[in-house]
Amino acid sequence: MRLQPWNRRHLIERVMQIAMIGSLVIVGLCLGAILGTIIARGLPSLTWQMISQTPKGGFYMGKAGGVLNAILGSLYLASGATALAIVFALPIALYLQTYLATSGWAQLVRLALDVLWGIPSIVYGAFGFTLMIVLGVRASLFAGIIVLALVELPIMTRAMDEVIRRLPRDLAQAALALGSTKLEVALRVVIPQTLPGIVTAVLLAFGRGIGDAAAVLFTAGYTDRIPTSLLRATASLPLAVFFQLGTPYPEVRERGYASALILTIIVLVVSFGSRWLAARLQRYTVK
Amino acid sequence: MAQNPIQSTAITRNQRIVAISRQRTDTWARRVFFVITVLPIGLIAIVLIGLLYRSWPILSRYPLVDLLFGVDWKPSEGRFGFYSFIMGTVWVTVVGVGLAIPPCILVAIYLAEYAGARIRLLAKPILDVLAAIPPVVYGVWGLLSVVPLVKTVLGPWSQQLLGFWGLFAVQQPTGFSVLAGGIVLAVIITPLIIAVIFEIFNTVPVDLRNASLAIGATRWETIQRILLPQVMPGIIAAIVLGASRAFGETIAVLMVVGNIAQVPHSLFDAAYPLPALIANNYGEMMSIPLYDAALLCAALILLVIILLFNILATVVLTRFVK
Amino acid sequence: MHIIARLAGLLVMGALVLSACGSTATNTTDANSGELSGTIAISGAFALYPMMTVWTEEFTKLHPNVEFDVQGGGAGKGMTDVLSGAVEIGMISRDIKPEEISRGAYWVSVTKDAVFPLISAQNPYASEILARGISQTTFAKIFVTGEIKTWGEVLGKPEITDEIHVYTRSDACGAGEMWAKFAGGKVQDDLKGIGVNGEPALVDTVSKDTLGIGYSNLNSVFDVRAGTLVAGAVVPPIDINDNGQADANELYKTTADAIKAVADGVYPSPPARFENLATKGKPTGVTLAFIRWILTDGQQFLSQAGYVPLAPDQQTESLGKLK
């Protein structure tokens, strides 16, 4: 039987819809299973003590204490690194689009960023560590922030770049025609118009930074104390998760999941917060 | 830069100064931006030179061919063949990215073009969270769910149905395998790829869709004929980003991939990717000079692989855009 | 412009807040009062990390003016940090290598640990294996040469053809190196088998794989508080005297049995081993006082954490190295 064109078109529509919903279910199930694992195993050990105290002696053997050191450490590290990365990422993304467009330079920079993005963070960590040994510096919050910023920069820039690239040309050209300089176009037209995408880029990078263990292990170190200075070593949540999941004591491993849950909640709060803020800032744009 | 309505007919001195200073700001911004923009290229150069310098003790001692194509890995006896690790990296990445691409594109399209406002509002923060979960947690999940799944379900099925084909034959029944690594990798890069593609779809003006729908096209036809051609370069770029990430993913993969220094021949063989080699040994062996050099040499090889892959992708992408 | 200005503002503010809270660490002993003070930075093997946090807390109770900064990162990092002067003490869970000694590393042994072989409690031949034990040469053929591939060959019964699933640690570690030395190899890379990352994962994997075999440190395979083997795992006896059966002193079912066998030296070494603290040159000042305390009063905290205290002669030897 040969389908009528109308029927065939709607059959395709149906098939594609089913395929999409099927993929959504599969992806949702996998990702849901991961979140489920963290919640199911982390929630029972997520006590107020976990959030409000630093580890006491024997914490890694199941005795009293919490991971406040890692929570604060991770917040300092990730927010510092994200802020530092924005300072570089935004100009690069804007420059690539408003000044260079599709020239050879732009492609070279994009290539460089994609390659940097693929380098495992442990290599950045090893690199930073070698440099610190040469300079005779100890592991510190400051070193951790710089290396994490390097880890975050490529994905932040490229995600921003991809969004800015899709912005219709006419909008920018209209502004240029009215006599705006390119910088003004970038700041007053491009950024506001693409703000949600820029926020996504920042959040992707923030997530990469706050979730990374290998880069900070060698540069920021790990200590049971709360960081009090940029020059002191600091703990971080991914390392807390890693250490705790690696101990022989089951109750400590459960706390590892609780630490992962805390990390998840932090990212969730930051994500909701910044998206809400972006939506408020973006009320006056061309849809 | 508020305009004074009274003086708007003639260009005053003041306005000229404003215009000049605006031009000047623009010129300066251009210079500063340019310097910042070339930083990534400089960074790559620094990393390359640094790694070359640090792995020189190995590179100067053994012929490059032996290092790249040797399969013997016995650092204590001075034999450093990276071929198994290179192939391990390629296998796991290809499987991971291959598994991730189709569902990622479909889900992103669904979220961007079909889903209601509420699902979209929820999807973004969830994707953020998933992109931020430490890889070690993905690894633990892989150990608890994916390895047993490969061991008890996928392995036996594959052996029964496709066992005659080497790629699907099960030689090693523990579940720690290229496939397990690939699945975990696919799940890790999924949130990233979906998030980027989703944002790209969102930048396409609504008018374009409405015009197509108005002349009677179905939604899928609109997507296929109008949207996809426009966003295709972006989708490819998102996939390249995902693949680059996959090359470098370390902890989660090494927890499920088996870490045997051999060239895999089947999805169910164990493999040992380069990042896993570095992560497994760096913290413990960095005080042994030659071992340290070998691990940084592994990092250098990985960097070159990623570089080649990205150059290839850029060439393809340029063709595509034309 | 607003956004950039705001972000830049935030960054500057953040940096100010952070540095304002800061205080620079001093690293001197207070000579006037005679009371110990100063900061001791420690980094190195994860195997010693939990124990070290107990020691530092107990020591701080005695000497409140001594501050500690303890980091994990691996034995190699600990050694690199010590040699470069970034930390005072490195925790090394393996033997010190000649390359490291020639670069100025000095060390003392502070505790004993041991690696035990491991099979699943559900292994179909578990009772037979427990009765007969496995000899060192058999372990060598399973883990290093790969000559033995089935459980039948282990038990001398060719009719059993179930394959052995060999597991090893993927991450370089003291346990892996010691097990390799026991099994006739030299370094961890000599061990065959599927590489599993981390000790808990290896124990878990072997426990669930009925045909699996692996190895693990004492405190991962024996539950320290319950005093028994961890659920799901069994330690196959090492047939030390090669008589084809497991004798009473080769079979460990409780934590106390195992700790005693290691402390008395009944359990062979390797796979028993010393864990070490490394310094650059001989330790001095607060660092010396701390290491000396670990070797004396500090030893009492070891067994409750699943580590083995030093025997008197080893203790004397270590203390002698500090003089």
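Here the chain labels run A, B and C in written order, and each chain numbers its own residues starting at 1.
Throughout what follows, a contact is a pair of C-beta atoms (placed from the backbone, for glycine too) under 8 Å apart; a residue touches a chain by one contact, two chains touch by 3 or more.
On a predicted model such as this, the values are computed, not experimentally measured, just so you know.
Asker: Between B-C and A-C, flag the pair that has more C-beta pairs in contact.
Answerer: A-C
Asker: With chain centres defined as mean CA positions, report which chain is farthest from chain A.
Answerer: Farthest by centroid: C.
Asker: Roughly how many whole angstrom separate the Cα centroids of chain A and chain B?
Answerer: Those two chain centres are 14 Å apart.
Asker: Just give me the whole-number Å value for how far the CA centre of chain B lies from that of chain C.
Answerer: 35
Asker: Please work out the Cα centroid separation of chain A and chain C, and write it as a whole number of Å.
Answerer: Inter-chain centre distance comes to 34 Å.
Asker: Going through chain B residue by residue, note those that touch at least 2 other chains and give them in order.
Answerer: Only 251, 279, 282-283, 286 qualify.
Asker: Where in chain C do residues touch at least two different other chains?
Answerer: 73, 77, 80, 198
Asker: Hunt down the residues of chain A that sit against at least two other chains at once, touch-wise.
Answerer: 129, 217-218, 245 - these are the residues of chain A that touch more than one other chain.
Asker: In their complex, what parts of chain B are in touch with chain A?
Answerer: 22-23, 25-26, 29-30, 32-34, 36-41, 43-44, 47, 50-51, 54, 102-104, 106-107, 109-111, 114, 124-126, 128-138, 140-141, 144-145, 187, 190-192, 194-196, 199-200, 202-206, 218-221, 231, 234, 237-238, 240-241, 243-245, 247-251, 275, 278-279, 282-283, 286, 295-296, 299, 302-303, 306-307, 309-311, 313-314, 318, 321
Asker: Once bound in the complex, which stretches of chain C touch chain B?
Answerer: 45, 73-77, 79-80, 83, 97, 99-100, 163, 165, 167, 170-173, 186-187, 189-190, 193-198, 201, 204-205, 208-209, 212
Asker: Using the touch definition from the top, list the residues of chain B that touch chain C in their complex.
Answerer: Going by the criterion above, the answer is residues 73-76, 139, 143, 148, 172-174, 176, 251, 254-255, 258-260, 270, 272, 276, 279-289.
Asker: For the complex, which residues does chain A have touching chain B?
Answerer: 9-10, 12-13, 16-17, 19-24, 26-27, 30-31, 33-35, 37-38, 88, 91-92, 94-96, 99-100, 102, 105, 107-123, 126-127, 129-130, 150, 153-155, 157-159, 162-163, 165-168, 181-184, 194, 196-197, 200, 203-204, 206-208, 210-214, 217-218, 237-238, 241-242, 245, 260, 263-264, 267-268, 270-272, 275, 287
Asker: Spell out the part of chain A that touches chain C in their complex, as residue ranges.
Answerer: Listed in rising order, the residues of chain A that touch chain C are 55-62, 76, 79-80, 83-84, 86-87, 90, 129, 132-133, 136-139, 141, 187, 191, 217-218, 221-225, 227-233, 239, 243, 245-249, 253.
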